[in-house]
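Next come two complexes, and both contain chain A; in the first it sits with chain B, in the second with chain C.
And then the complex of A and B:
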């Protein structure tokens, strides 16, 4: 038999606990769980925003399998996401290693700020900036390339070049974030372990492959997860620079969702696409967690 | 088992909740009884219009003028700085779906069919009947074609009047006189020239000054339609029921636009070419547009150095025309006050005032378009924009207008940037447009 005082105390603790988590819970319910449930319901309707919605059951989900544009859109998105992961992880890591080796403290701070700075600029400004830089007639790139006899493509109207150009712009803008994560990870690598490896006769390359990289793997894993999630939802640069063109070569899944919802007024179908996005992101993330055992070093 | 039943119940509850929420989300089609609501002299009105920061200054001055006459009508005017009318219409539709009450939407041709087809606008017939003298005076002073287009393309499903047409825009060319003079090219005195004369002028200007004749673009209204209409083509047939984007004349028009880029008379599209700066620096011989470039021309202090001419022709004079129109939402609580505001906008005083302070449209009233309010502090030949109404083609804007616009612009960009053959590209676009017409 419990003492009444102890029960009261436990209840008080429970109430306090609920009160502490209630703001976060409320925000989660309003901004995440609520819209998610709403989207599931919305996907069962045909709704053009202006007239009354009509219940159509699973038709919007069936349409996902017959939509002729969706495979191209998914392919674009996966290409973007894969390229984004590889370039961010490789370059982010290399930059972090390079900056981490800089001995001069002030130069190191300067380099950190310089690499991270583009990430602080809004997507709208970045997009317009690169539209100027890559302008086929007046852009710096085409002008300097012409000086050395190189004929540059029209990056934003050539279907073969538009997606690579967007991938590059995204890399320029967001690499700083991956770099900071990698730098933080590098600083957790114990210098004693590196010293021990050197003492055992390991050269720089071996230290990197056998010590630094395994110890960095949890950080790289985290960077991979968030880079994939971010890349899969890319929207702003595409909306501002190419609007999904030319010839759908840069239409990614979120851009497509936006077009369906707010240009075609197919809100139900757009909700079905949103659910597909959720399922893909969740599926790939689970796959990454499953694959983690094979390459992430757990101390 | 209990767990599974619990999950099913949860799912049913979620769907039921969502259904209730969605049911409450219809975009304002309801309401609007048989008699107009509110008072004509007081109340709160929300008016949305397309306008960037530059245009909003002019609009704000106009609204202040209205409030001098009707101090008890509180006007909440909201400018939406959308890039084009299709985006504007989408934004307004989203706001309506979100439950916002908008009493008056100033919407151009590109969005009129969207709103007309969704049953969200009130029949203006009773208001017109009630103020017949005011409305008749307005009809008598506007180009009869504008009234005809409004009836033909923007009426409700049962022929009801949903819009009062306001100002309009046609397309012309603002020529930089200094560049033409430097190249020794004569500007056509009557404002008319042919495609061949235009190409010859482009080459002479390029050779002698290095300037481009025009910026290459792919906007539906400002780039594709002028080349199409000056060759007797369009994107759709006369009643917008069938796309005609791959007609031989349309293909020839697209090839002409491509020729300008291919021969170096226009810069390559696809970047961020600053046409206004280039115009001021003498690196660009013309700015294309309706009335709206006048603000930039004034800001660049180029009014005296600019002349407006018609778009060069292949077979006939041609131009698209799009017009602003005012309406009253069915669910407006102050329909009478909204009508008062529309009457104000129709008045000659408001038209003159708006033209004077920098309105970016050709005034609907011909008396205003021909007055100094429109022609003062504007380039020579500005009246040609008003006269173009006599031969202009309403910009085809089907119910699924935003999607059609995207198809049209993408195809045009593909052609002018040399990424696709004109015929094959327009054939593919035609198929997409046919699908949009078939699946309303």
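And then the complex of A and C:
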């Protein structure tokens, strides 16, 4: 039985709800939803921002898929993303397990600072610093290598070394993130289970493969998803250090997008590239969720 | 180092405050020593580039990069730091970065808190659908929406102003999602009790929910501040005058722009960006780590 005034009360709640969400919703429409729809439409136009936009249908996509450098760009991006996932997860997990075992308080503190702090530094500072660290004349890496008789390549101008160098710098910069996620994940591995396995005679190796690793698989899955999304959109170290060179050996898809959109102002074409990035990131993420049940342990 | 043979007395809380209570260590003794040494070497290598950066920035330019690599600032100078200000308006760029980070952190959190309250606590028609639409936007890569936003800012004459950067950042879908989830973990009975006592929405939100949400708010504030402070793609696209730039972009321009500065001056500028960060991090290490670990809840 409705009390009189219940309808008015109900309406007041409706209004209150919308009032609370309206500022964020308005901004969301202007700066996210609107631009998203606009970008999809924009991909059907040729527009240099100086002359009027011209409708060209799917020509931007045709041009994109027939661009002879696109396979190279996609290969660079996937190689970077794959290498990034593998190195971050393997090293991050091992490091977290190792640090978890360390009893000395100062050593544990030192390691958390040493591994995590680089993650807080801006890509700009990190890229500039490593540009010098790996420089063949300025940098201490080449200087020490020369002292023991190793002739180092010029990492950023040698086409076969530039991408691996960027992968390495990215690992130094963002390993701290994976490390912290893994440390947090290890808190969910119950010491009782490990204790029980040991009581049953399992050695460290067996404990790692049969207990720790399965229990860590949900955390590893999460780290994999996040690392892929970030790595596929890698941009800063490449724009700052190599500009995509030498010979496009480090041009990734977002670097390509930046060149087309914000250096040669082909706005429609850049929108088409951005849509491709969106579709690939979404597709691979869905694929990872689909493959989840094959290796992720669900308690 | 204090690894007492066979005894693990110093039980100290790890990352998230848990105590690792494993005790059987006698046969792992030597393994632990080796592990500790490996970890110390790893930690030192992680920090080596940063130490080299700071040391070199205090070294006289002509003597800085001589072989063998130098690990002490000899001959010592502070001229590099003084010279930074001759190449770029460093203080102005510092203020720009600070202004952006503060307005984005405060603004986005304000709107996110209001929206999250609406979604979590007020039942109104369409709230579920609206939330789903907003959350699906987390999948959209930043580059896709930044193209239309760039066109929008050109039309509005806001290119080369900080407004082009902070206006779109006032809405943060991840924050809305995170806070909505967080508010939902706070028992609703508290609201009902407060309502019976005559409390309105404002009282419930600001006097009850927010004081209970300290850890969530500080984690989101750190993440937001850090993302803005370190951001590069946005400033690179929108800002062109040195006096309007943020620190990360200013650093890159200092190294690569017209009349680029000598390496030691660039090092001094990077040091001025990294050193305060290091101090803040060492003070608030726990909060920084917790904020990153909590971003893991996203999965």
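Rule of thumb we're sticking to: the second predicted complex is superposed on the first by the 267 of 299 C-alpha atoms of A that agree within 3 Å, B and C clash if a C-alpha of one lies under 4 Å from a C-alpha of the other, contacts with A are read in each partner's own complex, and residues count from 1 in each chain.
Simple rule for what comes next: a residue touches a chain if its C-beta (ideal position, glycine included) is under 8 Å from a C-beta of that chain, and two chains touch if they have at least 3 such contacts.
Quick caveat: nothing in here was measured; it's all calculated off a predicted structure.
Engineer: Would you mind checking whether chain B and chain C clash or fit side by side on chain A after the superposition?
Structural biologist: Here the two partners, once superposed via chain A, clash with each other.
Engineer: Looking at A:128, would you say it contacts chain B, chain C, both, or neither? Reply first, second, both or neither.
Structural biologist: Both partners, chain B and chain C.
Engineer: I'd like to know which partner A:42 touches here: chain B for first, chain C for second, both or neither.
Structural biologist: After superposition on chain A, A:42 lies in contact with both partners, chain B and chain C.
Engineer: Based on the superposed arrangement, let me know which partner A:277 touches: chain B (first), chain C (second), both, or neither?
Structural biologist: second
Engineer: Where does A:21 make contact in the superposed view: on chain B (first), on chain C (second), on both, or on neither?
Structural biologist: Touch partner of A:21: chain C, not chain B.
Engineer: Tell me which partner touches more residues of chain A in the superposed arrangement, chain B or chain C.
Structural biologist: C
Engineer: If you stack the two complexes on chain A, which partner ends up touching A:187: first (chain B), second (chain C), both, or neither?
Structural biologist: Only chain C; A:187 stays clear of chain B.
Engineer: After the superposition on A, what does A:246 contact: first (chain B), second (chain C), both or neither?
Structural biologist: Touch partner of A:246: chain B, not chain C.
Engineer: One more residue to check, A:158. First (chain B), second (chain C), both or neither?
Structural biologist: After superposing on A, A:158 lies in contact with chain B but is clear of chain C.
Engineer: In the overlay, answer first, second, both or neither for which of chain B and chain C A:138 touches.
Structural biologist: both
Engineer: Using the superposition on chain A described above, determine whether A:262 touches chain B (first), chain C (second), both, or neither.
Structural biologist: Once the two structures are laid over each other on A, A:262 reaches both partners.
Engineer: After the overlay on chain A, which stretch of chain B ends up in the same space as chain C: 8-16, 26-34, 98-106 or 224-232?
Structural biologist: 98-106
Engineer: Once the complexes are superposed, what residues of chain A are shared between the chain B interface and the chain C interface?
Structural biologist: The answer is residues 38, 42, 49, 128, 131-132, 137-138, 262 of chain A.
Engineer: Under the stated contact criterion, what part of chain A meets chain B in this complex?
Structural biologist: Within the complex, chain A contacts chain B at residues 37-38, 40-42, 44-45, 47-53, 55, 128, 131-132, 134-139, 154-159, 243, 245-247, 259, 262-265.
Engineer: Using the touch definition up top, name the residues of chain A that touch chain C in the complex.
Structural biologist: 13-14, 16-21, 23-25, 27-28, 31-36, 38-39, 42, 49, 95, 98-105, 107-108, 110-125, 127-133, 137-138, 140, 143-144, 146-147, 172, 176-177, 180-181, 183-185, 187, 191, 194-195, 198, 204, 219, 221-222, 225-226, 233, 235-236, 239-240, 254, 257-258, 261-262, 267, 270-271, 274-275, 277-278, 281-282, 285
Engineer: Using the touch rule from the top, collect the residues of chain B that touch chain A in their complex.
Structural biologist: Of all residues in chain B, those touching chain A are 14-15, 17-19, 21-23, 25-29, 86, 90, 93-94, 96-97, 114-115, 118-120, 267-273, 400, 402-403, 406, 410, 413-414, 417-420.
Engineer: In the complex formed with chain A, which residues of chain C make contact?
Structural biologist: Of all residues in chain C, those touching chain A are 1-3, 8, 10, 12, 14-16, 18, 20-22, 24, 28, 32, 35-36, 38-40, 42-44, 46-50, 52-53, 65, 67-69, 111-112, 114-115, 117-119, 122-125, 127, 130, 133-134, 137, 139-152, 154, 167-168, 170-171, 173, 176, 201, 226, 229-233, 236-237, 247-249, 251-252, 255-256, 263, 266-267, 270, 273-274, 277-278, 281-282, 285, 288-289, 292-293, 296, 298-299.
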